[in-house]
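Presented sequentially are two complexes of subunit A, the first with subunit B as partner and the second with subunit C.
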Partner chain A sequence: MTELEAGRADRLAPVRSVSALQRYRDVLIALIAFAVLATLPLLTDSKALLDFVIRCSAYGLFATSLNLLVGYTGLTSFGHGMFFGLGAYSFGLIMQKLGVPIPVAFVATLAITALVAAVIGAICVRLKEIYFAFVTLAFQMLIHSTILSWASFTGGDQGLRGGIPRPAFLGINLANHVDLYVVSCALLVLGLLAMRQIAQSPFGYTLRMIRDNAARASFLGIDVWRAKLTVFVLAALFASMGGMVMALFVSGAYPEFAYWTISGEGIFINMLGGVSTFLGPMVGTVLLLLLNDTVTRFTEYHGIVLGVVILFFALGLRKGLLDFVAEWYTHRRDAGEGR
Partner chain B sequence: MLEIRNLAKSFGGVKATNDVSLDFPDGSLTAVIGPNGAGKSTFFNLITGALKPDSGEVLLDGVDLAGRSPPEIVRHGIGRAFQVASIFKSLTVQETMLAAVSADQRTSAVLHKRFPLPETRDRAEHVMELLGLAGKRNRTAATLSHGDQKLLDIALALVLEPKVLLLDEPTAGMGPEERWRMIDKVRELWETQKITVVFIEHDMDIVFKIAPKIVVLCYGRILANGRPDEIRNDSAVIEAYLGTEHAGAAA
Partner chain C sequence: MTRTRTPGISRRSTLALMGAGAMSVAAPWVARAQAKTIKIGMPTILSGRVAQLGTSSRNAVMLEVDKVNAAGGLAGRQIEMVIRDSKGQPQEAARVARELVNTDGCEWLIDGEASSGSFAVHEVARDLGVLCVHTCSEASSLTADPKQHVPNAFRCVRQGIHDSIVGGSYAAAISKAKGLKKWATCSPDYAYGRDTTGEFTLYLKRFAPDVEIISESWPKLFQPDYTEVVTKILQAKPQALYSCLWGGDLTSYIDQANIYAMFGQMEVFAVNMADYTALTVVKNLPKGIHSGNRYIKSFPTTPENAAWGDAYKAKYNEYPTNWSWQNATAVMFLAEAAKKANSTDGKKIAEVLKGLTIKCPFGADGTVTMRGDDHTLVGYAIGWGTTIPQEPYVPEVKAGDWKTIFELEAEWKKSKGYT
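The block that comes next holds the complex of A and B.
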């Protein structure tokens, strides 16, 4: 649902009931989506399909969290992938070295991410546009180099090898493929629901104000710096969640997870799917992974094909796929209302 | 009461605001006029925290606000609208108002509830009615006419329920008829809301018609300060506007 529709929906209707309804509707959609995803293993034996959905969960969480920065706040981070890598490595290392239960490692990783994001964010969010983009990129490279050079701790360019232990908890055994699949889907749906709530909260509208006109927002009494730092940390948490799903999936962590190309893919996904709708990045994730998987099967020059697709979206449509659909829909509905 | 005491600001060697002291009693309506580059906008920027003064005091009900940040100053009750309408282009009129009330009620960082919060509704509604924007509530701000964007900018300042409202050229970029409509609106707001209004204006007809008090700035200094009839007959003002070059500097 676009913001335009949201504005239209509450025309003259009592605010309380409408905003409450929207929340129930989102929860309902999430439940249905989860139910559909969770029944998939009963309908198919295809391991490849389930793997695909798990990867979509990891990248979808990451790309949607990037959209909180890019689309909602106007903060174009080129280094968001560092939190994906940080999540994967922190989680993997905690499991390997400390052997704690998985939920404990999960929460501990989120805590570490929040701390690191707060420090890096405090430095970055004061900067404007291109400076913000490049300083975030610099921090990404810093984290990547640290992983490479601290080989005794991180395994260097070999990554975290030997597998990540996945002890069962609460009757869930993540070493089992279907269990891992269901948990990944649950994390995706919960993560998306939480990010949707952030986007539609009063804070979400504060972010939109900052994106449109940060100076004006400060003349309304909003502490712009604090709001930007808050969303920077929140987005990092969900990116880190994506990294953890990835680490569980491959049972390891590799320096590529923290390389700048991950951030690049995140930006690419957002361009493909579109940043003006909440689900745009999710659509972009599915598109990119589909493209990746099919194109690499047919040609070794997949880079060229992907490049052409980017050019088509950037120069041809000048927006992401879901942006395009949303605009087309709004246009049609307005025409239908007989204006 | 807003009291300005010995306010000064220089850019390099240029004294944009030079030892300005003024009183704006509660509920007063004052026009600030002056030739281009007289320091009118700088004066507003110093009061609202967009610029930090080199020296001097900005006292609102006795509290010195000079040099504080814009959010702090807004919270003390000094609201402003801008020369070029400063709005949120992708939000609708209604969303803009509701979000501004949220900011004023310090709920703009709330994460666990849905926007808009019920308690923001009445104030937003009230100000939209007041400025005649209620019929355009679902229009995206970017699609509004120039005049409506200026009104929305003023609505943004007004919805915070300020004690003092600073309007930087509310009629900038408008045609003659639209100008009068806008300024009638400003006057109406001043009369009904019982707030202190200070506005910058270039159109002398408008200024002399509606402002009970006029401040003339020239080269960062106060050239004259008084009722319209006093200003009209002030020799320094006549010279600055009609007379020789650098008349203001000499005065």
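The block that comes next holds the complex of A and C.
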């Protein structure tokens, strides 16, 4: 080692420790977020607030997983809600018919979702843009119609009735509201952390390259089809997790969970929150649910209010809220440095 | 950068202080108000395609609640209704129901949801143990299936199976009299349509064994164009047609079938025709369509029923719907139960409601009963008649026989494995 190199190494050393902090920054944030959420029931006895966070977990997982496709890979799926519904139904049916412990049903549901997503994805991800959007929508309607017409198995349009049994496991009783809340928070935080890891990994950057220029990625030796299929299946898994949280919350599964309106809400959330920041969809989820819950308290003409809000975001901000804030912040920082 | 602001009470803490002040002043008032009035929560469908029915449910509830309040309330407590839209989505229905109980402090629920939404609210009632009366879901399994049973939930609604038994026996009698052997069916393609049609034909064939179904059509729910269905039926040349299409679907179907002069060529049995939402909307209501009663102020032919229909019309400038009388009946049951129990405690009310018989304008004999073993409404006015194009629309209704209904319902329950 030359003197010069030794000097460089000295200078590099602190950088490395910073990068170690960087590496665990997301984990740290996740831990803090979970700790804050988990202490919430100690601070308040508002069941409505806990209900709100549980629903945020379900929709947040779903919307963020949709952003893996829309924001990171440029695959605008109009049928992502099918995996939300599939998760809810698979989980509910396994619990009702087989009576296995909840973690087993959870893993089995993920396995079923992975299988179905792999088959549907293999067909869909070959297509681009509007064709991809419409074929995913078609598959969603196929799953929705199957749920409706296979009434002896799924309960048809009346849904899975009679409640989902929730036997206690490892000292956790999901029939207890607070337990369900903590588990939902844990699933949300773990899910978001996992998706963050996917987005920041080399694979995540491959996805961004595919989004920006698939032909170039292909020329660089990337198997575009395989990468797209992988992210399609991964996104389906998290959407399915969201569906399971929702099934536990309402203690049932209903065909509306697999209807196109759920996919529409996912896209709406992404538009509200923003697609170019990782937490954009989470912000969008909180915004949409807050809007929905407050507006429906006062009027049945909530459609008008939500319509005006989306117009404001689409025409006024021209992007989601978090994207807008991030851009404003960058702009301000750059302006500050320029001074 | 230099700090220019002088430290003092920040805006945030000012707001917090003001908030805390307002809360401490308001809290005793809020608490006192809660003790005096009883809040009843009601999720129902106030937007979308069936909003008209949800609104008519709200109207009927308010009509009755005003009467109860004017007469002194429930065991001395005035009723305050908190009615919210669920958009017909089960997850919203569940959320709204939970919010009504947990946040708004509603002590009871009147569930104005149909189909899947009612099952979602049913689970909320199971979970929270709150007294709940379903007022719109006609799905028989909600109360007939013992697996669904929730001790604190009741259903104050007509039932698909009752309609089918009465409809089947009425249609069989006309079949025999007029020699109608070839039948066609045309019903919406979802659980209600399939189940109700299946049960109707089951009882039709039971009472008139030589009837044959020669054509079946299953248009989609909310289908705009029925041309192919109408031509298919006309080609099959049946002597009679059964349909359980309802609301906007039924009226568009009739308007389109009128173009083909279909109603002159066969006897039509449309169970959901005799409801003002359909009767007043059809452009040229054909004479002689057979229909079950939904809500019609000429049946039962009592002054009480006519007066109730007129009072509703006077207040809301439209006629009540099938959902209206069911919701009104629910409030009547709750009021009577509170009077008997002299309490508003949900558990006591649930005990009193079991098997309770009350005077009611919509009863077959002037009374209706909340059957004790399956918590469901029986003894309501049920019958079939034929239409005329102007008021009273269905001048004569032949009442169904509750003795037959009970017998066949028991048999049906056994066949489904419910008993």
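FYI, the second predicted complex is superposed on the first by the 318 of 339 C-alpha atoms of A that agree within 3 Å, B and C clash if a C-alpha of one lies under 4 Å from a C-alpha of the other, contacts with A are read in each partner's own complex, and residues count from 1 in each chain.
In this section, a contact is a pair of C-beta atoms (placed from the backbone, for glycine too) under 8 Å apart; a residue touches a chain by one contact, two chains touch by 3 or more.
Values in this document were obtained by computation on a predicted structure and should not be read as measured data.
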Contacts of A:Gln22 with subunit B and subunit C, given as first, second, both or neither: first
Touching partner for A:Ala151 - first (subunit B), second (subunit C), both, neither: second
Partner chain(s) touched by A:Ala335 [first = subunit B, second = subunit C, both, neither]: neither
Touching partner for A:Glu300 - first (subunit B), second (subunit C), both, neither: second
Touched partner set for A:Val308, first subunit B, second subunit C, both or neither: neither
Contacts of A:Leu42 with subunit B and subunit C, given as first, second, both or neither: neither
First (subunit B), second (subunit C), both or neither touched by A:Leu170: neither
First (subunit B), second (subunit C), both or neither touched by A:Pro202: first
Residues of subunit A that lie at the interface with subunit B and also at the interface with subunit C: none
Residues of subunit A that touch subunit B when the two form their complex: 3-4, 7-8, 11, 15-16, 19-20, 22-23, 197-198, 200-206, 208-209, 211-213, 215-223, 226-227, 230
Sites on subunit B touched by subunit A in the complex: 48, 50, 69-71, 74-75, 79-80, 82, 86-92, 94-95, 98-100, 102-104, 106-118, 121, 137-138, 140, 156-157, 160
List of subunit A residues in touch with subunit C within their complex: 46-48, 51, 55, 148, 151, 156-159, 161-163, 246, 249-252, 254-257, 261, 293, 296-297, 300-303
Of all residues in subunit C, those that touch subunit A in their complex: 46-47, 51, 84-85, 87, 89-92, 94-96, 98-99, 102-103, 115-116, 119-120, 122-123, 126-127, 139, 141, 145, 147-148, 190-192, 194
